[in-house]
Amino acid sequence: MITAAHYLALSAILFFIGATGVVTRRNLIVIFMSIEIMLNAANLAFVAAAAILGKMDGQTIVFFVMTVAAAEAAVGLAVMIALFRNVETVKADEVGALRW
Amino acid sequence: MFYPLAAVTVVSALAVITARNPVRSAMALVATLASLAVCFVALGAHLVAALQIIVYAGAVMVLFLFVIMLLNVQEDPHEGGRTGLKVAAAAIGAALAALFGTVLLRGGGSVEGAWPAGFGTTRALARVLFGDYLVAFELTSVLLLVAVVGAVVLARHDSDESDPGEVEEPQ
Amino acid sequence: MVESAAYLRFIVLVPLAGTVFNVLLGRRVSRAVVATVACLAVALAFATSLRAFFSLPADGALIDDAYSWIRAGSLNVDLALVGDRLSVLMCLIVTGVGFLIHVYSIGYMSHDSDVARYFAYLNLFTASMLLLVLGADLPVMFIGWEGVGLCSYLLIGFWYEDVEKAKAGMKAFIVNRVGDAGFLLGMFLLFWAMSAHGNASLRFADINAAAPSLGVATATAVALLLFVGATGKSAQIPLFVWLPDAMAGPTPVSALIHAATMVTAGVYMIARLHGLYAFAPRALHLVATVGALTALFAATVAITQNDIKKVLAYSTISQLGYMFVGLGVGAYAAAIFHLMTHAFFKALLFLCAGSVIHAMGGEQDIRKMGGLRHLMPTTSLTFLVATLAIAGVPGLSGFFSKDEILSAAFTGGHYGIWITGVATAGLTAFYMTRLLVLTFYGVYRGDPLAYGGIHESPASMTIPLSILAVLAAVGGYVGVPALLGGHNALGSFLEPVLGSHEAHMGAVVEFGLMASSVALALAGIWLAVVLYTAAPDADEQLGRRMGGAYRTVAGAYFVDALYGRVFVRGAVGWGRALWRWVDVGLIDALVNGTGTAAQRLSASVRRWATGNVADYAMSLLVGVVALVGFLVLQGLG
């Protein structure tokens, strides 16, 4: 019997994986991709909830999340390009100008 | 049906965060997104699954790959050296798992439940989207506009900037 | 019986208006206008006092309830003025002598450029003194008390560019302040006691009436505290040290403030509160003792002084002691009588001294004078009259007033005080004659080059001298005792206010007393004349022979040095210690410490900002976990 719990657990695991990627990796682009994983994990949770409740609101939210994630990806990558032009690197360690 | 699907998703997600080569990470991410789309279909969200493939796996990942190529990102031999962080991340992961576990063990409703007719179809989504969430929809369009403008401004070359004060003398 | 008289306030307000005029416009108008306004103000005050004098109801007083001032709980204080026989008499003295001194100042200050400020201060002083004298209750008197203290400071330090003069002004103010502290404490204690007995008023009439019910202990305590204030203002032991230094001010100031009026405020105050003091006999005894000791002490110092003004300063302290003796033995009217005659001859003495100093271009050392009577006849003659008056030569004013005090002391059984007083009379005669002889008689011992420039002072200065001389001569006739055929008009006049002091002794005894003091005075005069005519430098020889003793007396028994070491250095030491330990050590440490602590805290906290995005993400995660955990656990529990 596949219950909502299964899908929610999958969502949690994916979220955890994404979080680990954000924290662990040095490459900024990979960090970004990990963030995308986390967003998708959230999407999965919403869709599961919609299925449980039988209402379309959950899927509508997913719609919005996807939109926003796309916009964010675009802008974020543009920032990365601008950053790369200035510091010639995409390694998180070397972009530490805001250090104390 | 569920378990193989879940397995594929998790494995490809792990591949994303562990691959040395960024291009490999990107490919793994595409796989993850695709398997998630299948999950959506299993949950009756057909339109959303389609959008996932088209928008996410299609447009966004292509963008990612473009940027990776543009910046000529190489493999990093020193990648993954921060062990302290890995341990901490593992600990946090365990904590998260425990938390979610306590919630999930209470069980949830059946997934293959009684869905209303037309659940997950375009018509149903449109009804809610343009009905209850109309304002949010409009605002999201503004957001997209802003994102486009921002991306263009941020990414263009400095040498293209012209002196704003100069006016061409009419001959 | 009390009559309302709203014009009383003008006695105070007109001189005040003079001050305001000279403060605001004095610099812009001519010298003549400044002087005229100032003198006119005092003259108007004198005229108004005269009107009050002639309007005095037969058996009561004039009242001017000018303004309702403090209404706080049970404390009701009005700005009220009372014109009874005592206060109107004081007004006449203050304004009359004050007017003469204002006129004198025109000539004396003719070379000074800052006349506007001078006359403004002088008018302000007059207004304050009049307020002091006319006040119907203690707080109003205190306003005037403080006012004259302030003006004393301002006028002593009038030539403030000279640091020593400025210091003298400060010394006067600070020593007065010590006395004022006593005054204030006495006033508070009195109010507390009065309220406790159901009469929460500080009007003099109420105080004197309620005195019997206050209890001897309280009355004595109040009387003593108020007397501390009087010693400060009237330069008695132990707070007399400011008066000799106060001679740094212009001489007319010394005449007005430190001879005729301000220093008599203490005497007036005790006379006003005679009802209270009558019920504190121990306090009265102390007053008389202090007065007698001060009189003797100051007289001994006066013998040794070489500055003409310092001699007169110590003489003032000595004569004030006489007044306190009069008060202390219960002869209040006699004390006021002596206050009046002293105002005449002491002001005259100071003004003559000023005339001499003015003529000699600022010289004040009598060792450099001599033979001036040929060059300054009017000054010399009036000075002679004043000297005879203060010495107590029969017929002149000083004789009558001094004698009244001494006989009151004797009949009251205070023989020790009587002997001290008589001895002081002898010394007074001696040192004043010494001053007269060394200044005006004999051979000129000063700078030969200056001799030609010495001349008599202008009329604006000599006319007041003459008027005062007349007063010093005949002013005593209002108080001729019954023994000599008079009926003591002054005593009877003041009797409704101050009560009477009956002298119960036989005519023979009284004549004997009188004769003894007169004899001593004449002996003193004769000794001084003989000694100083023959050997003007007698002091020097005496100084060589008696060495240390002479120096001690001449240095006023080094009281100043004692105060300096004990109080001044003590206070400075306290201040330093407090500065080091409290201000720097505690407060600054706290304030700076807070800053340092904040800095250190932030230095340790800012290490969190590593600049690494991954670290920030980690922090986010930790926060999320915590938050979710909290919510979950809350939901569970």
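We call the chains A, B and C, going by the order they appear; numbering starts again at 1 in every chain.
Basically, contacts are C-beta pairs under 8 Å (C-beta built on N, C-alpha and C of every residue); 3 or more make two chains touch, one makes a residue touch a chain.
Treat the numbers as computed from the prediction; the structure is a model and nothing was measured.
Shown here, the protein chains touch in all possible pairs.
Relative to the C-alpha centre of subunit A, the farthest chain centre belongs to C.
No other pair of chains has as many C-beta pairs in contact as A-B. Note on chain placement: the centre of subunit A and the centre of subunit B lie 6 Å apart, centres being C-alpha means. Distance between subunit A and subunit C, defined via averaged C-alpha coordinates, is recorded as 92 Å. If you average the Cα atoms of subunit B and of subunit C, the two centres end up 96 Å apart.
Within subunit B, the positions touching two or more other chains are listed as 82, 85, 88-89, 92, 96. Annotation for subunit C: residues 614, 618, 621 touch two or more other chains. Counting partners per residue, subunit A has 19, 23-26 as the residues that reach two or more other chains. The touching residues of subunit C, when paired with subunit B in their complex, are 614, 618, 621-622, 625, 628-629, 632, 636.
Note for the complex: subunit B touches subunit C at residues 82, 85, 88-89, 92, 95-96, 99, 102-103.
Touching subunit A in their complex are the following residues of subunit C: 606-614, 617-618, 621. Contact residues of subunit A toward subunit C in the complex are 19, 22-26, 28, 31, 92-93, 95-100. Looking at the complex, you find that subunit A touches subunit B at residues 1-10, 12-21, 23-27, 29-30, 32-34, 36-37, 40, 43-44, 47-48, 50-54, 56-57, 59-60, 62-64, 66-75, 77-82, 84, 90-91.
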